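What follows is a pair of complexes built around chain A, which joins chain B in one and chain C in the other.
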Partner chain A sequence: MSHHDVIVVGTGLAGLTAAARLAEGGARVLVLAKGVGATHLSPCTIDVLGYAPDRVSDPGAALAGLGEDHPYAAVGRDGVAAAIGWFTDAMRDRYPYTGGLDRNLLLPTAVGALKPTAVVPETMAAGDGSDPVLVVGFTALKDFHAPLLADNLSRAGIAARAVELGLVPEGRVDVNSLGFARAFDDPAFRAEVAAQLVARLGADERVAFPAVLGIADAPAAWGTLRERLARPVFEVPTLPPSVPGMRVFAVLRERLRRAGVRVILNAVVGGAERAGGRVSAVRARVGLREVTYGCDWVVLASGGFASGGLELDSRWKARERALGLPVTGVPTDERFRADYFAEQPMARAGVAVDRDLRPEGHENVLVAGATLAGAQPWREKSGDGISLATGHRAAELILGAAVPSEPARAA
Partner chain B sequence: MAVDHDVLGDLMRGSLDHCVKCTICETFCPVSNVTPLFPGPKYVGPQAERFRVWDETSPDQSLDYCSGCGVCTQVCPQGVHIAEINTQARAKLRERTGFKLRDRLLARPDLIGRLSTPVAPVVNVTLRHGGARAIADTALGLDRRAALPAYPGRTFQRWARKHTSPPAARRVAYFHGCGANWSEPDTAERTVQLLEWLGCQVDVPKGQLCCGLPAQSNGMFDLARKYTRRMARTLAPSAREGVDIVGTSTSCTLMLKREAREILGLDADADLRAVSDGIYDICEYLLMLHDRGELRTDFRPLPITVTYHAPCQQQGHGIGKPALDLMALVPELRVIENDATCCGVAGTYGLKQEKYEIAMKVGRGLFDQIADAAPELAVCDSETCRWHIEKATGVRTVHPIEILHRAAGLAS
Partner chain C sequence: MASLETDVLVIGGGATGAGVAWDCALRGFDTILVDRADLAEGTSGRFHGLLHSGGRYVVKDPVAADECVAENAILRRVIPDCIEDTGGLFVVTPDDDPAYGDAFLEGCRRANLPTEEIGVGEALKLEPRLNPGIKRAFTVPDGSIDAWKTVWALARGASARGARILTYHKVVDLKVEGDAVVGARVRNELTGEELDVGARFTLNASGAWAAQIVKMAGIEGVGVIPGKGIMIAMNHRLVNTVVNRCTMPADGDILVPIRTVSVIGTTDIRAADPDEIPVTQDEVDAMLDDGERLVPGFRDARALRVWAGVRPLFQDEKASGQAAADTRDVSRTHAVVDHVERDGVGRFLTMSGGKLTTLRLMAQDLVDAMCRQLGEDRPCTTTTARPPDNDDGQLYSLGARLRRREATLQEEQLICECELIGRTRLEETMRRRGTTNLDDVRRSLRLGMGPCQGGFCIYRATGILHGVGRLDGPEASASLRGFLQERWKGMWPILYGDQLRQARLDDWIFQGLLDVEHVPG
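Let's look at the complex of A and B:
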């Protein structure tokens, strides 16, 4: 049986953050995951707290108003700030972020709603503001509707109009956002885009693009367009697949690679070996085999109901699928409310933890991300903020608890 | 209770219901990312599968451009067996469209090896001589630029028959695969020498032939089943004796470990089940020994730089990258890990005329990384990938075993 200081379950933002921070801190880390995590589906703006329940302008201050059972309570404002500092630093060279806990930016979404968010890619930051906007779409990019975005933005009081370009990368029939992002890595393609736009710009318009401005080198693609168009340019997150999410995944994955972290995909964790309050190994199904991996610590970041980390069966019984941890907060009477955007009782269900992110009865298991009970990420706009903050916090707690050295091996 | 239908195969196909259309597989697919000819694993897999009724024909044949690298299954967060669904569907497609002579030949590496070895000098010259190769390639539909195997004119099996492994406390059975037997006997011999140095008595079960993977990849499932059953019968006695089986051909090892059971409907084959449970990729096995503190690690310094590419089929094992952990035990060895999912060749895919350009585009990132690193050697676990990488980069490309063999001081 292999042995690692820490096994991290999950490859979303929480798992990748925990694994990268732990490896930097000197821990031997093994990442087990069913597949690639939710970064590819997320806009990857770090929404710390957008609504509580009214729109929040100062997320750092608003954290104090959350209940004791909210995941942020275990991290605290300083912990959230530390996580943001770590993340911003990690992204600096290849995909820089800006913002902080003092002020929420209001960025347009793909449907033109304004979303409060705290820490965002520099390529998106100019979306915050009141100057008029020219929304650029591509007729071949079927999941991004520039006129819809422009209309809704206008209704929100920001003058906006749309223009759609007919450019099609490589003559493809069906192009998704990644296909466009690859095209934007090519200087010739972005020069053509800029050339087609220059004559159509209004005097003081900012320019919005779908978030497809490059995948290998987004800052370069974004920089070229700003320069050529001589005005603020910003990206708006699209439907999945999310190019910003892929950029973040690539940076964090590369960090793991450099730190020598072993990552095993298609490993479906489904049990543990326990002694007293400690987990000494986790069991996973890999292919047709069951494999046991020894460890001193586990960071469980396998996601919530959407990612399959939590499961609700037809008898209304919820379970946490990797370690069988108790799930709290499943409502017994009113399951769902008819108003989609109302507070949904199910949203807070998850694994409850103590101030050290440990579920009841577990000394060396820490839970991070969407598996945690107590938050309503969709309503609060707190999803990636919680994932980043708790993933980082879990790593700090383990590093602070003196990782036992690896067992001696025969020479 | 006897079950006469293919439960595991049904589970593979049934997994398509777990697809939430997140498109994560499409973002990782090395083929659809370089050519519009392949619309992507989700599209041809869980999506198109809903419209495939076995007695109806589909006008869409883009599935043929799937290379079978398996990356889609690896990255799927919902447990959809995309690659397995596509391999099964491709076989149905080929049954309908017929098999090319080329594909019938590629599916029989043993036959080619057996015919080529006695006349190796002639074959090697033909394969490397532009004119003769061009004629052969045009006739068959192979690409004349593709890296085909060379035939040294001797086989590993002949070497193994004359070799006696000294008795040792640990016994392992060595599954060498066709590539090592006919084209890379050096790799196989070094494997035996290294295992012996590590304190293993090495059995080489006699009569090892093709595992069936190339036939499976080319859609000839009946032939593949015949080959797989025959190979499993050859190795099963070792497995039943409790002797661990180790393989250096990582794709063929994966075939016997998992793919044949999942894809070919052979899950009920008792021999295959025994072999599947007891077979390991060689690096997986050695790292397992190391994890138990049972691996000899007094390697000599090897002050060179190598790059390491974990091939797609190796990643299909779900074992991480044990070659990296093993090479880290060699003092002064500098290993640069490549960041690439597939080199492009994917077994026999990149040899075909209509797919060679795609294979080269898929591999370009990897080739550039290797060129930038300017290593003494490139390291990769799979034969066809090594030949493809070596031809594309000009850098000699070896199995990780060769590095350990050198570091053990066994290289003459």
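Let's look at the complex of A and C:
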């Protein structure tokens, strides 16, 4: 049986962050995951807190207003700031981020809502502002509708209009975001896009594109278009698959590779060996084999109900699938309300933890990301913020564990 | 007020009303059909999809059984493209009395319903997921029928012969002159405008809502008991043959493979109001247990959607003098209510009771009764005439849609991957229907009815509706929000397992990514 300082379960933003930070701190880390994680679905803007329940303009200040059971309570504002600092630094060279905890940016979504978010890729940052916008769409990209975005944005008080280009990468009429992103990696393709647009630009216009401006080297693609169009250019996230998320995954995955961290995909964790309050090894099905991995620590970042980290059966019993941790917050009577946009009683269900992110009865297991109880990530726009902050926090706690944690540290 | 004149005004755009409009149009009557909402928006679009062989009724309701035997054969001829020949099985589960099987066989013989008892081993070979504890099995010619496709084919057929189909036109009052109904005042529910429809004859085919219409003619005592039934669509075809429990009709005893899903049904609960039929968690739980009895492991399978429909079970206080206690005991046959005989009101007939399998016969009986009252001899031709899109005489096959799609896969965008809907067809449907409502599009094309329940296609469809100029920004937002709300109604009571996972992914898209809740207007 191999032995590892820390086993991280999951390769979403929480798991990748925890693993990368741990490896930097000198820990020998093994990452086990069923597959690539939620980054491929998420726009990967770091939404810290957008609604509580009214629109939040200063997310750092608003964190204090959340309840004790919210995942941010275990991290605190300083912890969130530290996580953002680490992430911004980690992304700097290949896919830089900008923003911070003091002010939410308002970025247009693909339907033209203005979504509050704290830290965003530089390729999206110019979406925040009041100057007019030219929204560029592609008829071959069904997951982004420029006229709809422009129409709704105009009604939000930002003058906007749309153009749709008929370019078809690889001659196909049905190309998803990733296909377009690959096309934008080709300098000839982006030159053609720029050439078709240059004569159609208004004087003060910003130019919005679907978030498909390159996958191998997004800053270069984005930079070329800014230069050729001589206007601020920004990306707007499309329906999944998420190209920005894939960029983040690639950067962090490369960071893990350089740090010598082994990542095993197609590894489904389904049990642990326990002694007292400690997990000494986890069991995983890797392909068709059952493998046991010894460890000193476990960071569980396997996701919530959307990712399959948690599940609810038809008799309404909830289960955490990797280690069988207790799931709290499933109401016994009304689980959902008839109004879709209302707060749903089930929304905050998950694994409850103490101030050191440990679930009940576990000394050396820390939980991070969407598995945690207490948040309603999509409604309050906090998903990636929680994943980043708790993933980073879990790593810091383990790295600092020579010094026993005290409540004061978490505040 | 604008006004229209016609021979026949048909009230109700469900299977019965569409069948009546088709029958009237074929007999050369100028016809207007009105419905307060979309076609097949009421009971017809909310049923399990079973084309009855009649087996269900051979013991309890022999008249209904005979009608099903005859109509099943006719519908296979005239609307083949709406029907899949799945075949059916009646199985005696460990909880059922094997002796009922003998009564069942006897009933089938009497009704001339072709059936055969097959060995349990053979039944399990045919349907490997069936409960291995079944004690007897019988084959019958059940099938599955696409209600939307059927209603639309009939309505289009009627339109092609000059009928006017006015959806979203609600009857606000019947026009009564002397002792006759001479049409109705209807309101366009989309614009609020009222319209005066003058008619030589008015046919009430509004099903569970019939009593509300009748009252407008000042007629009392006609009752319709809305019998609520819930159904759950399961992802995948758990069976490829219709499976019935071989027992007296009860709850949760039919499992129907239709299109890419299988539907379990149903319940029968007396509802006070046909427009108030919420699904409860207890009903879902009971239905899942019923499913488990037919197909072990049913609870672990993925449920897609749950809904309720209301049967129009007829009750005439003048005839019976009392209300039936149990809606299960009300006959499933239909009857034409002759308001001349009953109430002294002429040029007005009501169709009561019935079921989708006998829609053609119901229409014929109603139109025949009208012709008798008018003293006109116009023979019915619906036993042989085929409505549009049923011309090739081929029963629907599951792979048909995929085969069509594959032919154009490289030339056209696929908008709904679950239901294989291409962009051209979507845009054509939007234009043809002239609708701004995503839910109307859903009913016409099955858009958003697959496993992801619109998670991906609904944003695309909204963008396309907006792009073809059907919707402006505020309408697009309203339509998108409305669709999400309507969809949620059918999802939340069955959110567990993989469908909860799917719903959370959809929340991620609509709330986390698009932030639909905060789109202006």
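Simple rule for what comes next: the second predicted complex is superposed on the first by the 400 of 411 C-alpha atoms of A that agree within 3 Å, B and C clash if a C-alpha of one lies under 4 Å from a C-alpha of the other, contacts with A are read in each partner's own complex, and residues count from 1 in each chain.
Convention: a residue touches a chain if its C-beta (ideal position, glycine included) is under 8 Å from a C-beta of that chain, and two chains touch if they have at least 3 such contacts.
From a predicted model like this one, the values you see are computed outputs, not experimental measurements.
Per the definitions stated earlier, placing chain B and chain C onto a shared chain A by superposition produces no clash, and the two fit side by side. Counting the residues of chain A touched by each of chain B and chain C gives the higher count for C. With both structures placed on the common chain, the touch criterion links A:E363 to neither chain B nor chain C. When the two structures are aligned on the shared chain, A:D78 is found in touch with neither chain B nor chain C. Contacts of A:R155 after superposition: chain C is touched, whereas chain B is not reached. In the superposition on chain A, A:E290 makes contact with neither chain B nor chain C.
Contacts of A:P237 after superposition on the shared chain: chain C is touched, whereas chain B is not. Of the two partner chains, chain B and chain C are each touched by A:G308.
After superposition on chain A, the vertex angle at the CA centre of chain A, spanning the CA centres of chain B and chain C, is 90 degrees to the nearest 10. Once chain A of one complex is fitted onto chain A of the other, the partner contacts of A:D89 are absent, as it touches neither chain B nor chain C. Judged by the touch definition given at the top, the superposed model places A:W378 against chain C, while chain B stays out of reach. In the superposition on chain A, contact is made by A:V173 with both chain B and chain C. Once both structures are fitted on chain A, no C-alpha atom of chain B lies closer than 5 Å to one of chain C.
Residues 41, 172-174, 240, 307-308 of chain A lie in contact with chain B in one complex and with chain C in the other.
Residues of chain C that touch chain A in their complex: 288, 299-300, 303, 410-415, 423, 456, 459-460, 462-464, 466-467, 472-474, 476-477, 480-481, 484-485, 487-489, 492-493, 495-497, 500-501, 504-505, 507-509, 511-521. Here chain A touches chain B in the complex through residues 1-3, 30, 33-38, 40-41, 170-174, 176, 178, 182, 240-241, 246, 254, 257, 260, 262-268, 286-289, 307-308, 408-411, going by the rule given at the top. Considering their complex, residues 22-24, 26-28, 33, 36, 39, 73-79, 257-258, 261-262, 276-277, 287-288, 290-295, 297-298, 315-321, 324-325, 328, 337, 339 of chain B touch chain A.
Note for the complex: chain A touches chain C at residues 41-43, 47, 55, 109-115, 140, 142-145, 147-148, 151-152, 154-156, 172-174, 237, 239-240, 304-308, 311-316, 335-341, 346, 377-379, 381, 383.
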